Amino acid sequence: MDAPLINRIGVVKRNIVRADAVARDRLTQFGSATVHEAMGRVGLLKSYMRPIYAGAHAGGTAVTVLLQPGDNWMLHVAAEQIQPGDFVIAAVTAECTDGYFGDLLATSFKARGARGLAIDGGVRDVKDLTAMGFPVWSKAISARGTIKATPGSVNIPVICAGALVNPGDVVVADDDGVVVVPADIAAQVADAAKKREDLEGEKRATLASGVLGLDMYKMRDALERAGLRYID
Amino acid sequence: MDAPLINRIGVVKRNIVRADAVARDRLTQFGSATVHEAMGRVGLLKSYMRPIYAGAHAGGTAVTVLLQPGDNWMLHVAAEQIQPGDFVIAAVTAECTDGYFGDLLATSFKARGARGLAIDGGVRDVKDLTAMGFPVWSKAISARGTIKATPGSVNIPVICAGALVNPGDVVVADDDGVVVVPADIAAQVADAAKKREDLEGEKRATLASGVLGLDMYKMRDALERAGLRYID
Amino acid sequence: MDAPLINRIGVVKRNIVRADAVARDRLTQFGSATVHEAMGRVGLLKSYMRPIYAGAHAGGTAVTVLLQPGDNWMLHVAAEQIQPGDFVIAAVTAECTDGYFGDLLATSFKARGARGLAIDGGVRDVKDLTAMGFPVWSKAISARGTIKATPGSVNIPVICAGALVNPGDVVVADDDGVVVVPADIAAQVADAAKKREDLEGEKRATLASGVLGLDMYKMRDALERAGLRYID
Amino acid sequence: MDAPLINRIGVVKRNIVRADAVARDRLTQFGSATVHEAMGRVGLLKSYMRPIYAGAHAGGTAVTVLLQPGDNWMLHVAAEQIQPGDFVIAAVTAECTDGYFGDLLATSFKARGARGLAIDGGVRDVKDLTAMGFPVWSKAISARGTIKATPGSVNIPVICAGALVNPGDVVVADDDGVVVVPADIAAQVADAAKKREDLEGEKRATLASGVLGLDMYKMRDALERAGLRYID
Amino acid sequence: MDAPLINRIGVVKRNIVRADAVARDRLTQFGSATVHEAMGRVGLLKSYMRPIYAGAHAGGTAVTVLLQPGDNWMLHVAAEQIQPGDFVIAAVTAECTDGYFGDLLATSFKARGARGLAIDGGVRDVKDLTAMGFPVWSKAISARGTIKATPGSVNIPVICAGALVNPGDVVVADDDGVVVVPADIAAQVADAAKKREDLEGEKRATLASGVLGLDMYKMRDALERAGLRYID
Amino acid sequence: MDAPLINRIGVVKRNIVRADAVARDRLTQFGSATVHEAMGRVGLLKSYMRPIYAGAHAGGTAVTVLLQPGDNWMLHVAAEQIQPGDFVIAAVTAECTDGYFGDLLATSFKARGARGLAIDGGVRDVKDLTAMGFPVWSKAISARGTIKATPGSVNIPVICAGALVNPGDVVVADDDGVVVVPADIAAQVADAAKKREDLEGEKRATLASGVLGLDMYKMRDALERAGLRYID
């Protein structure tokens, strides 16, 4: 049976349409929270995806991988599909926190030009990865290794940590999490993020001067209408 | 119906009795573990409340907030009630890990004189908050934003991460967790904490010299009575 | 009834056979992932065991402790059994995340020559422990203290975080986790780890030069046989 | 130091003011969801509190217990304070899922007239408890027994599974969870619950006839104002 | 900005293409495990989705709903889109275990011809739902109610419990979990499931007669090649 | 390297020493809580191991299996080693909740005389297993199937859900959990369990008559010495 591409096992798609490089790099300048807001509060991976070191911040075009539990074979297959500016998104067909990725794969990914990895599983060699400056967002850290026995897929649409990621989408990740921007709206979202960040600068200055959000956002009437009462 | 104040929704109490400022600042010099012990091993928030950066240590008088899930409106209302030396405690009426608090609110809280925040939910902009030195203890870090649609309350007694917090109580938080001291015993607890810490200094020196706790605490007889046997 | 030693409560074994000190120190030079692989992918504690500070790395011969929930009495008993080069492994008879260990015990353990602690429970005073450079791997961080009322055991075989640890085994722990090597194969595992690490150096250089793992490991045929298809 | 009653350890309060028996029994006729709504959506224990058998439904006046981790001594002390129509609420000072309660204690509680138990810990002998028809709501089921070594308290205010419970409050529990009604508003809440349930009967008939909630609740305008768009 | 449909908030799609009714009803005769296998081991919701009563088994064409945390407004909007034979799939934009669905909505859904609900959140009134025979699969059971304040969407593609569901897909759910079959392959999957089940009948008889799977599946050679050794 | 047997991968031990059949069947008459207490409160699997249907109660001699994540090959290998009166204990080398076991394997296990299964992973076909009366205790229920690619082991010592199980040990499981009794003390533990149960009968009658545990166990003095105070 010819299952729909999202779930097809055993396939590597070589030619994918990557988001525009300019839009990708503009988006990478923003934090994940800003991008997430700019896109209308969608596209965020679950909050259990944490960076392996504080201050990690990266963005790139998605090369997607679908792994089998306890098996990292497809990460090697994915390496060949990486182009400079890519960011690897690895989903697993089952919940399994083994350490699928370590310093050898990171060396290879880096040599190919990858900017980071988000994996809905475990990672290891985090001290080395930190020293290399190769940022990874993961569900777990685990020294436990994996086998290379069963094919998954590369560059099919995957659901990673609760979010749909299509190959070529823009990924932006930092201390706050990982957000995915569909390739065809990357430029628009970058514009919206820029606008949002400009506005935030003004708001920050206003709030820093002691003006309350209640007044800056003119919330007092709405709060009263919603029934909020002040007592002494 | 006039529900008891602990659960009253839609209320902001303006005048609260804050713990004595001297006691508050004395307590803030101790770690949460010491304060918790000094108070008789009570008052601790659940251990899933973690600081957003290592080394965070803060204390203040509680301004309490009750939030609705996915809604941070009341944090703006709370900002107005903050006085220098306060520490905001935010509970949520349901389990929800969204990012209720970020750098704009932190700017406002800081301008009002807040010393920190403990929130039984999520926080975002952690890189900015770390750079600002505004410490937050939370259940999660999440880029996901919230709405402003439904009132909660400010300065009512709340249950936050399993602990009852009354407005005006002293909060002490560090790497080990968050502890709450009722306002009316703040000075006594500070005394007890001081005494405990003084004793710990002596004990530390004794143990560092190689004396065993078994001997320093004279535990050998009790262990034997409890049936402990040594074998070779 | 004379229960088997693994579960015997109320016993302290004084004379244990420690792994060879040279093998122990050789093993300590490797990371937990390397040791785990060298031993055939066994012996790893569950991945919820995390170091209290990034970059922690330690190894030693196991002194084992079996604690009762909320009771750290046996850690004091264990201190006396510690010899220089030991690493304490603490299991608990029930799931309980209280802070069983803090800076006073760490002072004592350090004075006795302990190199670290892995505890399937909570720890506190993490700022002090970090300052002291005493590394701890734990399930939780909690300011909540414990009592000293019920005996457990010291130096019996224990199951800690899902792994069997015999007293005298070698423990190696770092950012990736905690692995246990049976005393009688410590030297062999150290040899295997050395061989593995030497090979990794070569592989790393090859991958860094841009050669793909697909080619370096000669995976292409096996992938094709396994049914992997490339599409455009 | 005279700590506030909520956290006082080692105290048994004998004389407590129980909610009115008529109000208690009226409330017991409703489900926990109805009571929770009638009270303004407050007073609910966390949803991890599950009944040991399907169809359990009970209500009574709270006798509260504060237990130490792995220690069920205070449940025996509590038995003496039980009067017919009471419902025992057991909190634990730390997270611990041991089996604190089994068929012997249930026999005693039943002989005293207890109607049920909610415990923020574990329970065992669930087959016997089911056969006896003694309903328990708990966080876990565990065969692991507990010791009797350290005092807690009876009939002090406790926080159980995230909710504040005062001795004498009315507890209503069923398949949906456990809700607590402050004693002084028990009759009012019973009235509100009755009103709500009467209304629900009418609504149920309307919806069963095929009328949509959109029309019955007149939601269409509000949805349009909120920006909801219909597309084909 | 015109975000892609998968994430569009505030939209109700009225005309959806439902899977063929015959294929839907054929699929419903199989268990979720059989369907999942027949489709190539894809399409399964996470295993935390549990039925509210044992023995629940239902299937239908998906009406999808995207809810906001703590807000069940869109379930009322969805009711109007239900046709006989449908099965409602409800995702939530954030993790929140409140009780979004109860007996009133179930009455309405049933009157519209719905066969079941799978919701990545909480449900309440489970005793009533069980008595009505309206099956629900959910992440939690909670008496806590929700508000009606913020629009989500109906009949857009959603990610529910880790699986992508398009409106019109076939959903099959039983004690083992919930599986989703894309509408355009429903008939093929039903064929494959039938074939599988027929084969299983023969296998079951063979195994029941005492023949080993090792022999029936002819595994002995492969096991030997994989290095399995028998010892005495 | 010849790793110690507990962790040896790729081995099937054919001749194991099973506990005495009389002791096994005597132990099976007791509940897991009674056996656990009789053995000195040891030997219990973690409380997340739950039966697939209420009222399940079984006991047998352990055939142990070590599985790889997402791979159930070894369960087929184990089937051949089952003798009437055995109970299969399946551990997994990594955390993975896939459905390793279903009705076909259960048919085979039953034909071989197995009395039950405890698996630190997932199970499926629970409706069929319930209908067959084949009891399973598991960490999860999941329709997701597994592969047959990588050897594990059969009849080596395993750690299953936190407990060490040697092949031939007696396993007793019921609604309260799963407990393991070493083969060489099975008869002694059965005697102790019998004694305990006889005593419980008397205690139950005494408590049912209204006598308090406080008096029956003569706890009042100890409570007073421990500092418990009664207040009015």
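Just a few scattered comments:
Residue numbering begins at 1 within each chain, and the chains themselves are lettered A, B, C, D, E and F in the order written.
Here, contacts are C-beta pairs under 8 Å (C-beta built on N, C-alpha and C of every residue); 3 or more make two chains touch, one makes a residue touch a chain.
All values reported here derive from a predicted model rather than from experimental measurement.
Between the contact lists of chain E and chain F, the overlap consists of A, D. The pair B-C is the one among B-E, B-C or C-D whose contacts match those of E-F for more than half of the residue pairs. Homomeric contact chain B/chain C: same residue numbering on both sides for under half of the interface positions. With centres defined as mean CA coordinates, chain F is found 41 Å away from chain B. Distance between chain D and chain F, defined via averaged C-alpha coordinates, is recorded as 32 Å. Counting partner chains per residue, chain D shows two or more touched chains at residues 41, 93, 95, 97, 144, 149-150.
Applying the touch definition to every pair of chains gives A-B, A-C, A-E, A-F, B-C, B-D, B-E, C-D, C-F, D-E, D-F, E-F.
Listing the residues of chain F that touch chain A in their complex gives 68-71, 94-98, 144, 147, 149-150.
In the complex of the two chains, the chain D residues touching chain B come out as 1-4, 6-7, 9, 39-43, 46, 93, 95, 159, 162-164, 182, 184-185, 188-189, 192. Across the complex, chain C meets chain B through its residues 10-15, 53, 73, 76-77, 79-80, 97, 99, 102-105, 107-108, 110-112, 122, 124-127, 130, 140-145, 148-151. Taken together, the chain B residues at the contact with chain C in this complex read 31-33, 36-37, 41, 44, 47, 50, 54-55, 57, 174-177, 179, 200, 203-204, 207-210, 212-214, 217, 219, 223, 226-232.
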